[in-house]
Amino acid sequence: MTLHDTAPTPLPLRAPVTLTMAAALNAAIQDAMRDDPTVVLFGEDVGPLGGVFRVTDGLYAEFGESRVSDSPLAESGIVGTAIGMAMYGLRPVVEMQFDAFSYPAFEQIVSHVAKMRNRTRGRIQLPLVIRIPYAGDIGGVEHHSDSSEAYWTATPGLTVVSPSNPADAYSMLREAITSDDPVIFLEPKSRYWAKAELSLPVRTAAMNTAVVLREGTDVTLIAYGPTVKTAVATAELAVAEGLSIEVVDLRSLSPFDDETVGASVRKTSRAAVLHEAAQFGGYGAEVAARLTERNFFHLAAPILRITGFDIPYPSPKLEEYFLPTPDRILAALGTWEWN
Amino acid sequence: MTLHDTAPTPLPLRAPVTLTMAAALNAAIQDAMRDDPTVVLFGEDVGPLGGVFRVTDGLYAEFGESRVSDSPLAESGIVGTAIGMAMYGLRPVVEMQFDAFSYPAFEQIVSHVAKMRNRTRGRIQLPLVIRIPYAGDIGGVEHHSDSSEAYWTATPGLTVVSPSNPADAYSMLREAITSDDPVIFLEPKSRYWAKAELSLPVRTAAMNTAVVLREGTDVTLIAYGPTVKTAVATAELAVAEGLSIEVVDLRSLSPFDDETVGASVRKTSRAAVLHEAAQFGGYGAEVAARLTERNFFHLAAPILRITGFDIPYPSPKLEEYFLPTPDRILAALGTWEWN
Amino acid sequence: MPHHCVMSLNVESLVESPLAAPRPLRLIDDTGRAANPDEAGGLVLPDPATLLSLYRRMVVARRFDVQVTALTRQGRLATYPSALGQEACEIAAVAALGPEDWLFPTYRDSMALLTRGVPAEHILASFRGDWHSGYDQNAHRIAPQATPLATQALHAVGLATASKLKRDATVALTLLGDGATSEGDAHEAFNFAAVWQAPVVFVVQNNQFAISVPLDKQMRCRTIADKAIGYGMPGYFVDGNDVAAMYAVTSTAVQNARAGQGPTLIEGLTYRMEAHTNSDDPSRYRDAGDLEIWRRRDPITRLDTYLGEIGALSDAERADIRAEAEDLAADTRECMTRSAPVDPLELFEHVYATPRAALAEQRAFLAVELAEHAAASVAADTAESSTAQSGGTR
Amino acid sequence: MPHHCVMSLNVESLVESPLAAPRPLRLIDDTGRAANPDEAGGLVLPDPATLLSLYRRMVVARRFDVQVTALTRQGRLATYPSALGQEACEIAAVAALGPEDWLFPTYRDSMALLTRGVPAEHILASFRGDWHSGYDQNAHRIAPQATPLATQALHAVGLATASKLKRDATVALTLLGDGATSEGDAHEAFNFAAVWQAPVVFVVQNNQFAISVPLDKQMRCRTIADKAIGYGMPGYFVDGNDVAAMYAVTSTAVQNARAGQGPTLIEGLTYRMEAHTNSDDPSRYRDAGDLEIWRRRDPITRLDTYLGEIGALSDAERADIRAEAEDLAADTRECMTRSAPVDPLELFEHVYATPRAALAEQRAFLAVELAEHAAASVAADTAESSTAQSGGTR
């Protein structure tokens, strides 16, 4: 169980292949580990099994026990030891198996991961990535579909990002691993099997920026992670109704890219933010509040939040009623006075 | 260590006495325990010591080990066992010693306290109160001044309240203890020593309502817990500037009293929300977003959030620069275009 | 200054010497014969009637488990964690409890629920996706099957403590996995139970895997029962495939708890014969050969042999038990293929005891949406059926 | 069905019999005499030079602690958790470490920091309220003094594991309180350390109280060292007021860790002589008489007697050590009365390595506010001083 300091070999651009998001994430970790011998990976079942979503498939075989290991079953332990490793110059990438199972690590994340750099006046930084398979729409039983972003984004000191497609998944995870700040990396479970053709190592927009995915003139739909697909589908449907929707993929939840999103909202003068999490106290409140603060006199209507209801995430048979759908979004947009 | 089923004796109205908020909370627990033999109290140092803020002073002496006990030092254990007690018909009141020390209990609170009733279709309810000495402005060292409300309010299933004065402290805590829903009871540390003359058992407005503390016509300042005092001070200062400020004390953070607060905002057409917590992702975002959604066309200006900066809570010598002050609030109100 | 003073020190570590080598307590061995008295450590073999009752329940429970696994493969359930091979632990735990006692099970313990009388459909409602917990927890005195690992152990300790405070005789028993003992909550539960002398019994089913993670990556102590020492409570390391021993130990622990003697930690050494759940692939992490070894230690076969040899189990009885099991399997198939309507508006009913305006609003919103969809689909159906009719001559 | 089958069962609980009665390891007893060999359990007494060095550091550290407590009573510090009486644990832990090793202390362990060379002012910066952690953690290889209990133990395990992965010789040592061992994180740290065989040493200072909560409400096992059994690591129960024994055990544990033999849990039995912090009132929860008992077990007096009797400590040396201690106390007083400017704009500097626009905005906002206040107060001062001048004739 030792870690060899091999020299990083620069990775050539490879031929395009079709990859799922899970495979793109896998490739990102693999490439990061090949590039940098200080990257280590551990968590529950990430070793021989390759993770319950197979995001770490094959890494144990390639890098061995010293760099990829199944830890004891304890999330606070996983994050707490990752902190210690980061203090000693490693770059740990750890997995919380499902987002509700990150909660036992809450104290370590909020009181240490988020605060260590500030506490020590920048002397100790924690370059670690906490990967969290996140959100629902996979027919998961209770505790397997939580959206926990509001907890992390409310915590100064954390960087919180969520990719919505395989290219971003690869690019953002690589950037997260090289970041000197700790990153909460939210992987939308329902998009693990989304496919794209990619030439690795692909580099998309900077991790801390939002991207206008689709241009439009009437409304800005602001989405991230799992709801980006919903936003795009809504925009497509809306064409038939003569409504031109601009879709912004936030990608970075904290920091928030005021510039890109603000510009879009000023252009369209109307916006709605989408997420799976309950509305009350959800991340959409921050999006709506800050865009309103900064762009009030450009707005023709209040920014809407189209989200899960203010209830716990439902059981599999009921999740379809909970999740925002294109129909529900279009109906909500219809509640504005359009004049 | 046994619990006797004594018949509840109705409590007579007592002569007015001057009480600090800490003493009012103490009296509330004492009266609740006298009234209802199923109320039990435990946590770290709540027994003979009477809690680090003396909120449970004297209760161990009066009710004994069976109803007031020092638990082992483990917050998840405290909340987790309280859940089991509530399942068996007790009404536990537990203390988290400081709010950053509620984080080890995060999983129990979010995955069980908040969800047990829904999970069991209402068959198991958890009438328990989690008291959390909360927020800063007491010169506390790190981890002793956190504002954790955003975490709890983002969690469906929790009732979250915070009193700002001794009368509410007494009344709301008694109501929290009789509630069949679990209540996160946030006690603003900086107000523990605030005094009022009270005839106990005092009953103020219902726990789930906001209250207009001071009427005004130009701006609504929305505050809760520790910032209510700041809001009132600001309103007083503003008189000299010819600005008439209405102060709303939210009292209940979840649920949010849309009716009372909305009415005030529609009346003044301008509002700002105050809190100590960092702004990004803070509870103020929900307040601003929902008031804007519901009252957009009544607003003359964006709702402002006047809050802590987006950084961890500072060390004692720096907290004065972090906390919203009347000066800072008045300056912020001055940034609106007043026409 | 002696920063590195090298001292040759020869202190005996507490961990090494004073404990006897761990050997699981057992009453009936792998081959179905009564175990050596020195393996029994003073345990008394339950009488044949008790053993027969345990046997019956194990056979029935296994048939249920196998049936549900099959239904899950057919897509009737969202997920199902099988406990095949762990029947001795599951059934002994339930048999040791009185009706007033509470059980705190995990996702894996559906056989325990069945044995305690929960109807199959109510157990499976959650795995089918109807609702998070589908049975009447209060009527059966069974907490919801816990998913967040080890969290329920604290609830059990709390309930047991409340029982003690009320001077009731209720005992709580919680089932845990080997992996779950690594969680902080397991530690806190053991410690609170010991300090408060709560009438609670912890039964750890050591099936040697936490999904893919084997025991030696989970802990380094000799046995899970050893952990009891660090809490000052009795701990027993038991052959978890010997229902006689599991029952003897567990019922004694329940009695002791009821008698005010506090908690007990029981480790049943067993093996998870199936995948973790239907979405797992054990070939990635364990040797198929191990299955064979553990098949030879099967808890049912073993008791079958024993009861047969002492003449307490006839072929007629076997047939009778098998018939009961098949009936249950048939009922389970039937109820899992029946459609189970769910009501989306129920989503808002149970979150709070105190009504909330916001939830009423959201409920009303969903009701309107549902009505509109219903109207739209009636319209679509009408359109479609007229199309179908007009197209009927094609 | 035998729900309540009463069996008279006589299984020996693992916890009761096989362990010897707990007796702390010691080398020098309360009265300052060499302990009985059977109390030493194989420990070898450090040589006189080592003991003298430990003595000197204990005396100096205590003087510091007493001085800081006094300064805190005078309001110079926001808070200060004294470790008076715990010098043997604090100093032995540090003395056992090499310069390349890392220390993970708690709020109570300022004496350990001092002994490892952190300047008094840097230690006290956090308690004075300047910044959360006031020393150079990397230069001293000391993590920030942890407040959230037991959390730092996991950091120590992680750092030690990283050292092992890099094939370095670095060992991590973490200090914990008795109360902290009840936290889930303590369990997870012990377990991860054992499973990963991390080069880490856990030193639990059992001062018998967690603020007001005595040990018997915290745990029910015989000793904290017993807990090691449940993790499969060596555990030692040591007289925590005997610096010789604490040093012998801890340095062996450090060596073992460095040699690849994994973690060790050490319990030092001691007593917190002061209040928990300056805002605590021990008269509410403990008997003043206990203080007297523990004063008789004082770690410094004991070693003083021993060294005096073996002729290794002269009055001249005592005076020299006292002078060193007084110098430090004077320096400490001086630096704590000096004003320590803090820069509000630094609040935004360290939160992230990657600059954030929002923080730059907020920093600019505060800078303007500060400038305005400064301007206003200059104006006010001018006004005031002219008032004062004009009022000078009154």
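In this document, chain identifiers A, B, C and D correspond to the written order of the chains, with residue numbering beginning at 1 in each.
The rule we apply is simple: contacts are C-beta pairs under 8 Å (C-beta built on N, C-alpha and C of every residue); 3 or more make two chains touch, one makes a residue touch a chain.
Bear in mind the structure is a predicted one, so any value in this text is a computation, not a measurement.
Asks: Which chain's mean C-alpha position is the greatest distance from chain C's?
Replies: Farthest chain from chain C, going by C-alpha centroids: D.
Asks: Is the number of contacting C-beta pairs greater for A-D or for B-D?
Replies: Answer to which pair has more contacts is A-D.
Asks: Can you give the whole-Å distance between the Cα centres of chain B and chain C?
Replies: Each chain reduced to its C-alpha mean, chain B and chain C end up 39 Å apart.
Asks: Distance between chain B and chain D based on Cα centroids, please, to the nearest Å.
Replies: Inter-chain centre distance comes to 34 Å.
Asks: Using mean CA coordinates as chain centres, what's the gap between chain C and chain D in Å?
Replies: Here the centre of chain D sits 43 Å away from the centre of chain C.
Asks: For chain B, write out the residues touching at least two other chains, lowest number first.
Replies: If we look for residues of chain B contacting two or more partner chains, we find 71-72, 74, 76-77, 100, 103-104, 107, 111, 115, 118-119, 142-143, 156-157, 256, 280, 310-312.
Asks: Where does chain D touch two or more other chains at once, residue-wise?
Replies: 131-132, 148, 182-185, 187-188, 191, 195, 217-219, 351, 356, 358
Asks: Applying the document's contact rule, which stretches of chain A touch chain D when the two form their complex?
Replies: Touching chain D from chain A are residues 1-3, 5, 40, 66-67, 71-72, 74, 76-77, 79-90, 92, 104, 107-108, 111-112, 115-125, 156-157, 159, 179-181, 208, 255-256, 258-259.
Asks: Using the touch definition from the top, list the residues of chain B that touch chain A in their complex.
Replies: Residues of chain B touching chain A: 76, 100, 103-104, 106-107, 110-111, 114-115, 118-119, 142-143, 150-151, 153-157, 254, 256, 277-278, 280-286, 288-290, 292-294, 296, 299, 301-305, 310-312.
Asks: Using the touch definition up top, name the residues of chain B that touch chain D in the complex.
Replies: Per the touch definition, chain B meets chain D at residues 44-45, 47-50, 52, 69-74, 76-77, 100-101, 103-104, 139-144, 280, 309-312, 314-318, 321-322, 328, 331.
Asks: Inside the complex, what are the residues of chain C that reach chain B?
Replies: Its residues touching chain B are 102, 131-133, 136-138, 143-144, 148, 151, 153-167, 170, 172, 184-185, 187-189, 191-192, 195, 346, 349-354, 356-358.
Asks: Mind pulling up the chain C residues that touch chain D in the complex?
Replies: Chain C reaches chain D through residues 1-16, 18-20, 25, 41-44, 46, 49-50, 53, 95, 97-99, 182-188, 191, 194-195, 197, 216-222, 225-237, 248-249, 251-252, 255.
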